[in-house]
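Following this line, the structures themselves.
Two complexes follow with subunit A in common, the first pairing it with subunit B and the second with subunit C.
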Partner chain A sequence: MNAPIPLLEVRDFGLEFRTRSGTVHALADINLAIHKGETVGLVGESGSGKSVLSYAILGISDRAARVTGGTAVFGGLDLLQARESELADIRGREVSMIFQNPRTALNPIRKIGRQIEDVLKRHAAVPGIALKSRAIEALREVNIPDPERRYHAYPFELSGGMCQRVMIALALACKPALLVADEPTTGLDVTTQAGIMDLIKGLAAAHQMATLFITHDLGLAADYCDRIVVMHAGHVVESAPVAQLFAAPRHPYTAQLIRATPARDSLLGALSSIPGNLPDLRREDLPPCRFSERCLNVTAQCCESLPRIDADATHAVACWHPLLAGEAQPVAKAQVESAIPEAGA
Partner chain B sequence: MNPVLLETIGLHKRFLVGKTTKGPYLHAVDDVSIRIERGESVGMVGESGCGKSTLVRLVTRLLDASEGAIVFNERDIGGIAAKQFARRPERAKIQMVFQDPTDSLNPRYTAFDCIAEPVRLLTDKNNTGEALARRVAELADSVGLPPELLSRFPHQLSGGQKARVGIARALAPEPELLILDEPTSALDVSVQAIILQLLARLRRERGLSYLFVSHDLNVVRLLCDKVVVMYLGRVIESGPAEALFTNPRHPYTKALLSAIPGATVDGAAVERIRLQGEVRSPINPSPTVCRFYGRCPQGQGERCVTAMPLLREVGPAHSVACHFD
Partner chain C sequence: MLKVILWRLIGAIPNLIGVVVITFLLTRALPGDPAAFFAGQAATVEAVEQIREKLGLNKTLPEQFIVYLKDLARGDFGLSLSTGQPVATEIIQRLPASIELTFAGLLFAVAIALPLGVLAATRPGSWIDQLCRIITTAGVSLPTFFTGLLLSYVFYFLLGIAPSPLGRLDPVFMSPRAITGMYLIDSLLTGEGGLFWAAFKQLILPAITMGLFVLAPLARMTRASMLGVLSSDFIRTARASGLKGSTILYTYAFRNALLPVVTTLGMVFSFLLGSNVLVEKVFAWPGIGSYAIESLTASDYAPIQGFVLTMGVLYVLLNLLIDLAYALIDPRVGLEA
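Let's look at the complex of A and B:
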């Protein structure tokens, strides 16, 4: 096991949004631990609450969000109870974030060098005359060619991959202990994606930095993470070391997700999609197990309660009927495309 | 060999970026010759800015080429001005499925209207009342869209359902060539598989040809017979999917394949090739320097800067443009 005290520990965390069309139960019973130097992948379909969770950890949730319970302890401080001024000191210095779309996350009318200086000025107590050289150094660290010249560039002058590098330079300027990367390579080319991921991984290793890596791409998570946490409809359904998760997934949802992802040697006929949709999180009668309505192994027990997921366990699963190692899961008819009525047949 | 459905011959597209006609010009598509046979599915891969979208717009005749010919069904459609093409019968035969099903559907049209419009505009028969409704229902059925969803607007449909509407709409005028521009990149993996299987079945049943543009090489491998790799406006490698994936010849193709995420899941660790350096500028590129020069892990020699490598055959239907093969 890793260090006994995790860097970030989220316990029984819940969050809801109050909207005009009802209360959205976005997150419930979230248990999650991230240790020093560890890369944890947070995967799930869109709408499963991955980004909402990361925003809540950083205290940048939407105003309609309301925490319903739980704690998120980072370095002895509960981020959910912390005052805004305490959070402002932590954000950027100890916990940083890389946003999904670098073009919209960067300030379009400020030179990128200046934007890095802003972070250093606020958090790192760098003397004024050293600011520029430190900003250039930060750009060099993320392999931006000719950093002295790029210091003066505006975001629109850079390619998507370059913008993402600037975003990483910004996030890592103060050597944070925890980096939250929200789909940092979505929309980039595979070659650029590989470069960015290697960069994040290398810098994380060099600075002993923990990374919470949010993605919907299981293959990418498999390549770069130590541990993977699978989310479904605002619940953590499974958490396991990466090799174990792919070799022997225990939650039916994880197993189906893996089978739906095209891999190097998969055949089209062997791919299967996951039947049904995420449940509407505004419903008042959400079942305890939010996967139960899409699950093939559902029993009465699943509609009464949900086993609590233990953040400290090596392989945790929130299911009453976890799959055994190597157990093939029955494929429902609806999962196979050919089950759709043939046209005009 | 099946008859050729679409062939581009030495296709060029140059965009003027300077103020006078002297240039400089951005060479978006540079001497591209591809061939799609009837019933064949051709994948086109390459990074953003490599000219994939420009080529698609040339083939769908939304843009006029600077040079070269586009032969569709043994007729040169490259000479028809893009403005005129909308009224030509070939318009119905080349249809496109767009990347983002949300952005490409009219938000004020129901699913029925979306599918009915091309039926009304591009096919002259059965275009009113009951016959139209019957045709739309038939199309919806062929893509697995439940009939009760036809009265819904795009915002009331899920991503997978919108993708089905987009496919049904493209099938409406009974095309022979379907151009698929990253049809599943906006979808969750949970529905991606079912849409890919749907596309494979439609091709089989209707004898369609596909030009499949994608970033996701794993998806290309599943759906395509042949793959064309583009880099900065030029085709640098093309060949049967199986040969190209198991035995890539061009250094860029090798780098591209080794960058596929999840390549190590099955235990067999793939040697990673990381590209250094910047992409060369596409504005007035030197005609003698290999476009990949500077990023290429192999080509440092003088040959790469004095002669542009041309496509050569290296295997059955497998060509590569590199001096070092």
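Let's look at the complex of A and C:
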């Protein structure tokens, strides 16, 4: 293996939340690598731990979060062991993040130009008089019309799509090496969504920036990512280049997820839903493979251990019984229904 | 901006008319006959009638009201029966004492409540959060007159640190030349340091008494509001951008958290105007609150009318000030509304 050193490499990472109603085993055995300039899609159902993982990488997790193990190495520094001051130096300068709901993600009572200046002032050695021109420059780069005037705008005076452009300008003001985009187009209409995604893609290419694109929309991830990492209930279950993942998914969950994703010519009736729900992550008796209770191919081995996923492999899968190429044809509906009581047992 | 202020003031006129009507009716409905009261115990029926006629109290209520309005329009609040002085003059003389006390109390409350609320919100469950909880509970459950008496008892009678709780200044001092009527400011303007210190010492206990009462709602609101803002999305953005803790706390969180605090500030200020009456009585403070009480016990209706009207005007001005502060903090608040 002479692959280049990844920009971000997460190894055996686990995280849990101590809450009043018990410990939530939110993330376990996470292995993930992002290379320079690469766009990686992080896909999974709501509650699968996508956002929790990204917050943990940036060190902005909730107070109740406890790292249970592993490393997350970025530029030679383990982000999980780093001091808060070291992390704060990296955030916004080396690793930036954009969020869903751009309207609430910006300070409602501060001019957007000033908010960009705050970031520049913190990270970039920009002299005071140049701050304003740099902020306007950042707004121009995200194609905001009339940036000199918009500099003085407040978030409530802009549309949702405009606010997301401002968020991107804010995140990219210091030219980070990695952008974490947490569902950046959720809540925007479809035409705006395409505009925002094209903008992120274009800027990433222009600045050689890696992007971790978090979404629950497999179709959107397919359009914009080089590689897709599939998460289920706090586990990474599969990681593969986009074409390979869609052509020959190896994890049963991925295969079902693809079947549940509408394509250009698919009929509503042809879409299937994935039986069962995510397991309750507060359970103490979580099976090693957290998909085993929803899986049709489950065997005794799945309830004993989980194969370790190899982040360096081109196509990695965490399953004892990975599907072979061509095996991932649709399951008959009756077959799925008959499997449910069995899975629940 | 000026136009907006003017419009707001015009908009307050109906409120003031309401205040005028209600105070007039209430003072007329007061038990006791002012004429009989001022004629004295030994007065004959004729003498009482004479006084009644002189005061205009033998006229019908609508007639009395029109006379009252005419006087008001000329800036005449009537004469105080017990002192013989024009009410307007007396109120103008006493108002600075009340304002000085109220603002000192408010300043004390804000200076304690805001940092306490912010600290409690940033460290939930810590000892400072518990302290905040204890103080806010104690603050609302202790009545003002009681805290006033307690403070005097402890700091004047037991410990002897505080000066005697009687009035604005120790009798050995001459009051400063009246510029604003507020001793602290006047003594500073005339450069009398000793006098400033003396007036300050007199002010401490009553101001704390006033402040303790409003500290609780302020601290509680600051804490709740800060907690809400700190968990909002834009704080997460600020953290994800690596902004410094102090920038996040003050520039981002605190300014946003201030909005409901300012609203509460307006509310507690009106509590303060009300509790003036009690605190001034306990500390023999020569403000308009004690003036109102003395007049009330003497069935002296003109000062009471003047007092309530003054409070009404203060309240209108205060609300205007709060609205302006709100518009200054939050760009989303349009002043035109």
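Methods note: the second predicted complex is superposed on the first by the 325 of 345 C-alpha atoms of A that agree within 3 Å, B and C clash if a C-alpha of one lies under 4 Å from a C-alpha of the other, contacts with A are read in each partner's own complex, and residues count from 1 in each chain.
Just so we're on the same page, a residue touches a chain if its C-beta (ideal position, glycine included) is under 8 Å from a C-beta of that chain, and two chains touch if they have at least 3 such contacts.
Just so we're clear, the structure is a prediction, and the values are computed from it rather than from any experiment.
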Clash or fit, subunit B versus subunit C on superposed subunit A: fit
Touched partner set for A:Leu53, first subunit B, second subunit C, both or neither: neither
Subunit B versus subunit C as contact partner of A:Phe246, first or second or both or neither: first
Chain touching more of subunit A, residue-wise (subunit B, subunit C): B
Touched partner set for A:Arg110, first subunit B, second subunit C, both or neither: second
First (subunit B), second (subunit C), both or neither touched by A:Ala177: neither
First, second, both or neither for A:Tyr154, with subunit B first and subunit C second: second
Partner chain(s) touched by A:Val119 [first = subunit B, second = subunit C, both, neither]: second
First (subunit B), second (subunit C), both or neither touched by A:Ala260: first
Which superposed partner A:Ile90 touches (first subunit B, second subunit C, both, neither): second
Nearest Cα pair across subunit B and subunit C, whole Å: 11
Footprint overlap on subunit A, where subunit B in one structure and subunit C in the other make contact: none
Residue numbers on subunit C that touch subunit A, as the complex places them: 232-234, 236-244, 247, 251-252, 255-256, 329-332
Contacting residues of subunit A [partner subunit C, same complex]: 58, 60, 87-93, 96-97, 99, 101, 104-110, 118-119, 122-123, 154, 156, 167, 170-171
Interfacial residue positions of subunit A with respect to subunit B in the complex: 45-46, 145, 159-160, 189-195, 198, 216-220, 222-223, 246, 256-257, 260-269, 271-274, 277, 335-338, 340-341, 343-344
In the complex, subunit B residues that touch subunit A: 47-49, 138, 141-142, 144, 158, 188-194, 196-198, 200-201, 205, 215-219, 221-223, 255-256, 258-266, 272, 274-275, 277-279
